[in-house]
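Several structures are given next for inspection.
What follows is a pair of complexes built around chain A, which joins chain B in one and chain C in the other.
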Partner chain A sequence: MGCPRCSTPAVHPGRRLARIALLGNPNTGKTTLINALAGTRLQVGNWPGTTVEKLEARLGDLTLVDLPGTYSLFATTPEERLARDALLADPPDALLVVLDAGNLERNLPLALEATELGIPMAVVLNLFDEAREKGYDLDPARLEALLGVPVVATVASRGEGVDRLIEAVQTAPVPAPAVIYPPAIERALARVAGAIDAPAARAIAALLLAGEPVAAPETARKAAEAARKELAALGLDPFLEITGARYARARELFQQTLRGHNPRPTLTDRLDRFVLHPVLGPVLFLLGMLFVFRFTFLLSAPWVDFIGGVQEVLAGWTYGLGLPGLLASFLADGLVAGVGTVLAFAPVLFFLYLAMSFLEASGFLARSAFIADRLMHAAGLPGRAFIPLVLGFGCNVPAVYATRTLESFADRLRTALAIPFMACSARLPVFALFAAVFFRERAALVVFALYLLGLAVGLLTAWLLGRFGRLEPSTGVMELPPYRLPRARVLLLQAHARTMSFVKGATGPILLAMVLIWALLHLPPGPLEQSLYARVAGALAHLFAPLGLGDWRLVGALIPGFIAKEVVVGALGVSFLGAAPPDALGFLAGLGQLAAAFLAALQGTLAALLALFGLPSLPAAAGGPTALQAALRGAVTAKAALVYLVFVLLYTPCVATLFALRQELGRRWTTFSVGYQLTVAYLVALLAARILP
Partner chain B sequence: MRRLDELTPGEEARVRAVETSGHVLRRLFALGLRPGARVRLLRRAPLGDPLEVRVGESFVALRQAEARGVVLEEG
Partner chain C sequence: MTARLLALLAAPRTLPELARELGLEPGTVLALLRQLEARGYVGPAYQGSPACGVACGACSLKRLCPSAGTPTPPAPVWRLTDRGRAALGGRAVR
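Right, the complex of A and B next:
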């Protein structure tokens, strides 16, 4: 059936389509729709050269492409530019324009704009249930007749109406342009479009006329430039004229589609009175953050331990094979440990993504940005930067990925470069080791001061970048979406896909780093004092002498600390106390350990679920000093220990964070970030060495 | 000349002009804040800034300084 009321017949009835793109305002349900159409075959990738996620799904021989949410082809953010360029440079075979039926008048201009792209299209009136709840009585058939393309009403979250979509889009016609502009603009458009040989000529001409930097032939550019001058002489601003005509037409269409409206207060009106309350709001918000934190770390901890257990068993088996010592060590301490390091991030990432996607899709993320905006503004950051920064105290890796919710690259850059200074949970064991030996009663105070120092350095970094990096200032303009209960299935699928995309990408680089460190430690074979590691550490120790850190064993541990901070403790142990002999493990004994580790993880998850709703408890106080602590006391002064901790706090957090930075910011900024972190760490530690009594 | 940041919570007015430029202007237009639109100030954030306004079915947050660029009709 397709589109019985459409004026133009379908161009190629029954043809098979290759690529269908979903275009729509942010939060109109595009991702939910793709999921409803294609089920579990969701894929998350990155758009080439950018940090924005690319979601694709296969449906038979169709590929559904989820474009970033966009208000208009007149792009104001990198995501919008991306959506526009994807449409113009590599036009899909058909478009599904997804509109929020409950906010139709504001959503329609995008559909009108899309009619100028010269691509077969169908319109989806999604969120039809919400429209009804808001008291709108809409007539999709009328809109279909007015626009001349199929219009389908859907409730994507419940799968209602989606079965009609594929058929509608496969028989969709190329629409006639839906807006007629004032005569002067039409003449200019005709002139510019005449110089463009593409189906989207009219859309491109409109963009050029408004001064948008889109790819176009030189003749078209020149024509647009001339036309702009002529229009300016007439006192006409092409952008205002073009958008004005679209808004006016959208209003007409909306009013003709509307059968009736009796407004009703919605859940959002009622909830926001509490969530955005001047006093209650911030309290609720802090509690919410605490909950996200506890959710992530309580639930992931048992699985991180489980991965550690599996790693131990695999290493034990490797040692049990009777291979030559160096080879066994390479396999167990290099390869197995490397893969284990990557996998140990997976549970944390998964649960954090889950929490983040929930916050984002439910509407809470935008509210938290609203509440925190004033605070973040002081550091030149937008309100949305608050959550990534706070997440950094848990783990820098997902925190860096969480900067994706920021609108501009400038904001993402500022925030992402500040995150590595947030003292993540992996730095705590190092702090705890030293603080317990050297600062006894004041241990908690020292650790707290370190956290604050990290935060201060991070915020200062963001501020300096904004001040001197010639970055555009952040804006506070954003939409607060209505509250919605996201589908658990979509959240789980998305969290899984994103986690896997990290694991796939990060395994190579982290493994490489791990193998390098292994080689340093184990080559040439023999005692540690004669290894490459000791030699490099000895050279570095000269560099650190001005900080009062001349001991190669201390300085050396910073090298594997580059892989992950918790490794520093182990490395100190090896340097100060010597390596523990590897435990070989029989096959059956190993299986037993695996089963036990799995059971412990399940048990831990259960306990975590219970603890989630209980009160936070402080970690139990450690017993007497360990052998390592005793050795450290003999080797370092309290002041040197503090300087060491300052350096550990501020220097490059871990390879995984670097990998995340590279994915988000590119190679150049990541290199800059490493240099910057090392310099800052060294200078602040030097300062500490000078001013501490 | 009244401006958007001078409304009291709950008050409604019609937009006469938007005196900003570039990205902020385009974003405000896209969200419905353009000449002729009716806007209502809903609330201010806990520290007084930003503001939340309602235009049609959209809820829009914007900073005080950005709201100053939105000129309202008298009366």
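Right, the complex of A and C next:
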């Protein structure tokens, strides 16, 4: 198919394209479109050097690249800068500009900017069904004639119109610039563009003239600087002039494309009456959060147990090889345990990402943020920050990754540094152990108070960072996209890619940490009391003496707690009661255990699916005190136990959380986080030691 | 277009007001405001305003309002910043 209404003939008729980029505002259905075009050949990865997701698909010789959603090449977010730089530094052979037909006026300025890139382009009027539902009667043929490029109306979720897209883009011309600026701006643009030898010279010149930080030849920069001064003398601000002209032209095009508008309430409007209701909304929001929480942890638990079972079998096989004791221990308790620690996070992350991707793509995430906005405002955070904070009560690792849904770096930073204070589920076994021994009938109250303390310290951290770090929060203006049913395959692909990204990156650091802890515990060979672990713990115990925690066994358990907080209980057990190596396993016996563990995981998943829709239940009451509980009761006072719990709650998070923080915030802020949390944990525990009776 | 928007913001206004005055869809105005805010021409009007949060006092619906009693008004209100005022001052409004 050609473009009969295009005013400019195709520059390269019959050319072979290698790479087509999809450019569009957020929520225009680009991901669904690329999924409809590529079917099973979809690949999810990251843009080089970033954590921004990159979706690619191969169609024969063609590669389709989904650029991050952007409102303009005048970028305001890291994702928008990435899209702009990708277009300018490595221009694709053609562009598919994806517009939301139901928000055409808002989407058109980006299409107008794209006409200045000097790249063949076609326009997709996606979500055409939603536009009709909103009462818009649009004329794609008219828009095609006005823009001079092929325009195809599609409903990507149903595959409608998608078959025409590749042909349309293959015959697409390089469009003529669609916006004429005021004469003084046009003259300045011509002068700056003359110093740039690139098809996108006009687009780069506009960016330079508007003062945007963009790569360009020095001569062009100087020309732009001179032109800006001249325009300022005339009372003209190039950014305002250029932006204003684009929006004015977009309005004209929209009005000429619109055959009629008969507004009527959509399904989204009807649903929002309940979801955004001042009373019902918060209730639905809390139920939604509870569901995400339960979905993630109920469905992942059987597979975390399965990985634990595999770990046990591998350790048993290792001990069954007849290797020298220390080597067998290194392989089983160092290497196997290290890899197992990383893999144990994978099911949690996978199910969480699945839930988060669904919430985001369906439009519920934006509404949750809207509902929670008031609560978060107290800490100077946007409403969206509530979701990662709540997830932090389950596991800090995915919660840190969930901060990606926040727009500004300042918001991401403040939320991510608050998350480690949320009492994750791994800390619960430690709380439960001590609370059951020392606070019996008040155990639930003590544990609840610890959760509240973590939340309060986290929110205070976010507030302090905003106040003293001069980090301005985003204004909280949020867009509520229409409700949509996301494609299950895209959600699964995204969840898988994001989980694998963690596993690949985290294995090295976590393994290294595990091996270090193993060395502390096992070297020199002999009783635990003579190990490096005991010596380091003994030295640290002096530091903890002002907190009333002088017992090296208590202090030592905090060291492996750096790997994972639940290990604190195991380490206390080893220190107070001693430890025996796992039993050696034969090959067949191990296979039998693996099969049984796999079957148990499948059964557990089925049970979890059923439990998902049931009421949450409380854990069964514990029986009599265990040997460890009895040993703790004889060694620690109730006050020291509470101080210890406060420190466990607040001190440096596990190594996997630190890895997530490093990925999201960088090394500098992660180091700050470690120092800050240790200091806060020590000071709050010291305060508790002083004020508790 | 931008000059007219800046001129309208000489007095603080909400998004629906701006959209009505400019004859644009609210989503379009919001996109434009995001651009202008990121470059410091406009900002939220409620920051530092002692009047905000007081107006709810006599309202019988304040218990149902998610923003009642907070310093944030129910809908974001926008104003011109110093940079926006300077940019507007140097040119004629179209």
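Heads up, the rule we're going with is that the second predicted complex is superposed on the first by the 651 of 693 C-alpha atoms of A that agree within 3 Å, B and C clash if a C-alpha of one lies under 4 Å from a C-alpha of the other, contacts with A are read in each partner's own complex, and residues count from 1 in each chain.
The rule is simple: a residue touches a chain if its C-beta (ideal position, glycine included) is under 8 Å from a C-beta of that chain, and two chains touch if they have at least 3 such contacts.
Treat the numbers as computed from the prediction; the structure is a model and nothing was measured.
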Fill in: Side-by-side fit of chain B and chain C on chain A, or clash
clash
Discussion item. In the overlaid three-chain picture, which partner chain does A:71 touch, first (chain B) or second (chain C), both, or neither?
Written reply: both
Discussion item. Quick check for you: in the superposed arrangement, does A:250 touch first (chain B), second (chain C), both or neither?
Written reply: second
Practice prompt. Please work out whether A:106 is in contact with chain B alone, chain C alone, both, or neither, and reply first, second, both or neither.
Written response: both
Worksheet entry | chain B versus chain C as contact partner of A:480, first or second or both or neither | first
Worksheet item: Where does A:268 make contact in the superposed view: on chain B (first), on chain C (second), on both, or on neither?
Response: first
Worksheet item: Touch check for A:235: first (chain B), second (chain C), both, or neither?
Response: second
Discussion item. Quick one: is A:492 in contact with chain B, with chain C, with both, or with neither? Answer first, second, both or neither.
Written reply: neither
Worksheet item: Which positions of chain A sit in both the chain B and the chain C interface?
Response: 71-72, 74, 76, 103, 105-106, 239, 243, 247, 278-279, 281, 371, 373-374, 377, 475-477, 479
Worksheet entry | For the chain A and chain B complex, residues of the former touching the latter | 71-72, 74, 76-77, 102-103, 105-106, 134, 239, 243, 247, 268, 272, 276, 278-279, 281-282, 366, 369-371, 373-375, 377, 383, 475-482
Worksheet entry | Of chain A, residues touching chain C in the complex | 25, 71-72, 74, 76, 103, 105-106, 109, 232, 235-237, 239-241, 243-245, 247-248, 250-251, 278-279, 281, 371, 373-374, 377, 475-477, 479
Worksheet item: In the complex of these two chains, what residues of chain C are touching chain A?
Response: 1-3, 6, 23-25, 27-28, 30-39, 41, 43-44, 64-67, 70, 72, 76, 87, 90-91, 94
Discussion item. Please output the residues of chain B touching chain A within their complex, sorted ascending.
Written reply: 23-24, 26-32, 34, 42-50, 52, 56-63, 66
